[in-house]
């Protein structure tokens, strides 16, 4: 008995010691984890911080050999000047217009197509869907050359149409929405058919509300696409009346005759980035959900 | 149709069905078979014009030697052959473009994947502030690559002049150089006139990795959160070490997500263009090194702008081929390593 | 996620299949075509020899000449800023008094390159304007599509047209009109190898040397007239102000091409082998400029990251005391007023030369060209309009005063208002544009133009990048080898 209890106490002691060391290790690991994550987060955030404080400095302060980490004199006027210099008002309007119109049209087309692929039966459905998915592989540059010829032939050069129509159909969005539609039980559809509900009505009353999260994701991604598009607009609509935000931003400060005014540039960049950030703050969930399945930026 | 309440639509259809039996036979009765095409038609029309036709036409143009739109307007005839492809491959800067593209891929994809995995694993093992940190790590995604490129350019930019023969005259070293100076290093000419290729490349790698992190972290974290806790509990019972657990459980179970981010990373990497424009401008290089950082996509756009559409098409096909091969290779490797 | 990966895999398989089958068929077709048509084997690319002048049809005068009864609308692309558009508008009103049936729509399409890019995109779709601001290489580009209207028939036409005010006008140029053009400018329209006239000069400029007159006077410096003197002056400036970069040269391309012209060395040729700039003489002057740059004597627009006028006019510690830039940009070379007065006075002189007895300065500034149109009435209306603008002494004088560009007519120098209100008031402050115009007019004989051909603009860009690269980059220990390599690279790039 004696020995036995002795062994037990030994065990208990060991256990306690092990538990204690485990606790210490756990705390250390936690500290290390948080330190690492915080450092990485700071690195990730730094460009944003630098953009904002630089945008508020005077050019003289910006040029100091040893930089200040908070502006001595806050220059809100940089934002006003940047807005004027880069003609941001016009650029915002153009981009919003293209973004909204193309998102609406794109949604209609995507819903119709995804519905056909999810609920309707027709010959060659799988083959067609496979072929469409396959086109996702092809780099966009391959389309650009011919699309460019096509839109010029159509007389769309330097119009809003050229910025909207060629990209209305996105296979990825169709894929995303089809998957979502498929998850809605088919019984609902069959029941609706028995009731004599038309397809369109069913789509409108049942499927669209149920697929709302996907539709919101698509909307946001599409808007972000308009916001970030650069190559195609530069090629086909780079005039002042149709210029999109990214093109305008890039060129506004290279065309200028004066010295490179970094605070001004940074103010413009901050202004251009702000809307996306606002959207992100309010619709974080949908964006992250949509993006995690896309892999395609914008 | 039971006679309770006939809508106008039903009446019209009924009228036609009665008067024209063929209409009933070939249109109304078969309607369920082809109505899907009505839904598909808007998408299909657009796809035919802006996706299918371009594929066919690009292949066609790629084989029309020296095709250009102005020359075609002027009535020039183009012979059929492989000359465009030869021109692309023989173009002295093609190697530069290819090298830059490949180098950016092989540098940024592993670095960003590794960092993203590390961050995702760390995020997954904490509870407090997880959401908050995750949001921060996602922020770079919601930016405009040209706009934030300008911020990176400002961070690396030096206001002043570098000379080979005499010490540089520097007014503002830029924040990155400030940090280097703080740790006792020398100022580096990252991207101004006279800068070295490796320095330019370094700036690009930093920027692209920064830009690529959010998506990868998001996907990998999603994958990690999907792994059943039971696996870990079992490992704990067995007393398996953390590192071993990571190597034996986490990575294999995460492998589909890893394959996914690596494949999309490579595809994106081969299409790198606007991030370079964001930092170096449309000259694709620092002063004195215009075109030095040009990529395959940049090359295609240069060719389009200079009326060499034949070579542009050929180059686009070559790029497609490369992406295809690399993706196939990736899939082949992942087929062996990925555990579904 | 699994499904997407699987879909990608499927896609790869589908496409490798499509690709292999495609490859197979195309190979067979090629062999067929090559055997069937052996004549096409020699031509690389389109059967369009860029060395040969394009075979372009002249304008055929329609029956009855210009129809003043039917309304006709013509479009005009240019790069004029707001103040110049006002001048243009007032002359359109004058023109419409003579030809009320012609409506002129004009538009500023960014800068010269934007005009070129837009028109070359519009030509294939038939959307091009009737009249465009142009540089010789733009004309060469449009000529690939045979889209430019040659002007010879129009210039020589003796058909008359009755204008709305009752007077008659010969469609062609009169002897007096023709002789009024400054010959050097007029000849620019003919440099396409076939002696045909493709454009009319509109307004001209060249490069001039702006210097800080206050500083030069104070330190008793002599304004350099040769490049050797330039080197001495720069040396002296650095001794006085060690932080200075004495000279800023805006356009690297112009610098290179002008040096070729001054030295008499080869640059490009419109016929035969196009790109001839890789030679000993050129490598030597590039090497010399590299030494200057490495000593901190000189900078350029590319290197500086903005127009060198910003360095010239700045009040920062690092500044330049000389700046070579376009004569049309004189107002940008004037420092901003401090307390109501200019901090220093600007002097303007011709650019340095190799041989001051045979000066060479680049001819810049727009010409106007007419693009072909199926409707001969539109072509005639366009012609009448550009003829009106280029032969009107009043317009040329007013445009010059508003823009700082040099007029293309000799008679403008005698224009009373132009003389009294502009040239005679020339100074380095308020009337700096006049001063620059004056300096330009004095060297009207020195203007040169370079050959224009399909690819000439590429050569221009390449020599600019070449010069920049040679100035700034590390030479890896062997300057000559480094420069030689850069030249070879530029030539390769041109030929592609």
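By written order: A, B and C. Residues from 1 in each chain.
One rule holds for everything that comes next: a contact is a pair of C-beta atoms (placed from the backbone, for glycine too) under 8 Å apart; a residue touches a chain by one contact, two chains touch by 3 or more.
Everything numeric here is computed off the predicted structure, so don't read it as measured data.
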| item | value |
| --- | --- |
| Label of the chain whose CA centroid is most distant from the centroid of chain A | C |
| Central subunit by CA centre of mass proxy | B |
| Pair of chains with maximal C-beta contact number | A-B |
| Distance from chain B to chain A - Cα centre to Cα centre, in angstrom | 13 |
| Cα-centroid distance, chain A relative to chain C, in whole angstrom | 42 |
| Chain centre separation (chain B, chain C; CA means) in Å | 38 |
| Residues within chain B bordering two or more other chains | 69, 171, 260, 324, 327 |
| Two or more partner chains touched - positions in chain A | 137-138, 149, 152 |
| Interface hub residues of chain C, defined as touching at least two other chains | 1, 4, 8, 12, 15, 124, 305 |
| Interface residues, chain A side, partner chain C - complex | 130-131, 133-134, 136-138, 149, 152-153, 155, 157-158, 175, 179, 238-239, 256-260, 293 |
| Chain C - residues contacting chain A, complex | 1, 3-4, 7-8, 10-12, 14-15, 109-110, 114, 118, 121-122, 124-125, 127, 305-307, 309-310, 314, 332 |
| List of chain B residues in touch with chain A within their complex | 32-37, 39-40, 42-43, 46-47, 49-51, 53-55, 57-58, 61, 69, 115, 118-119, 122-123, 125-126, 129, 133, 135-148, 150-152, 154-155, 157, 159, 170-173, 175, 178, 210, 213, 215, 218-219, 222, 260-261, 264, 268, 270-271, 273-274, 277-278, 281-282, 297, 300-301, 304, 309, 312-313, 316-317, 319-320, 323-324, 327 |
| In the complex with chain B, residue positions of chain C that touch it | 1-2, 4-5, 8-9, 12, 15-16, 19, 22, 26, 29-30, 33-34, 37, 40-41, 43-48, 54, 117, 120, 123-124, 141-147, 243, 245, 293-296, 299, 302-303, 305, 316-318, 458, 465, 468-475, 489, 492-493, 496 |
| Parts of chain B lying in touch with chain C, wherever the complex brings them together | 59, 63, 65-83, 87, 91-93, 160-166, 169, 171, 193-194, 196, 223, 256-257, 259-260, 263, 287-291, 305-307, 310, 321, 324, 327-328, 331, 334, 340 |
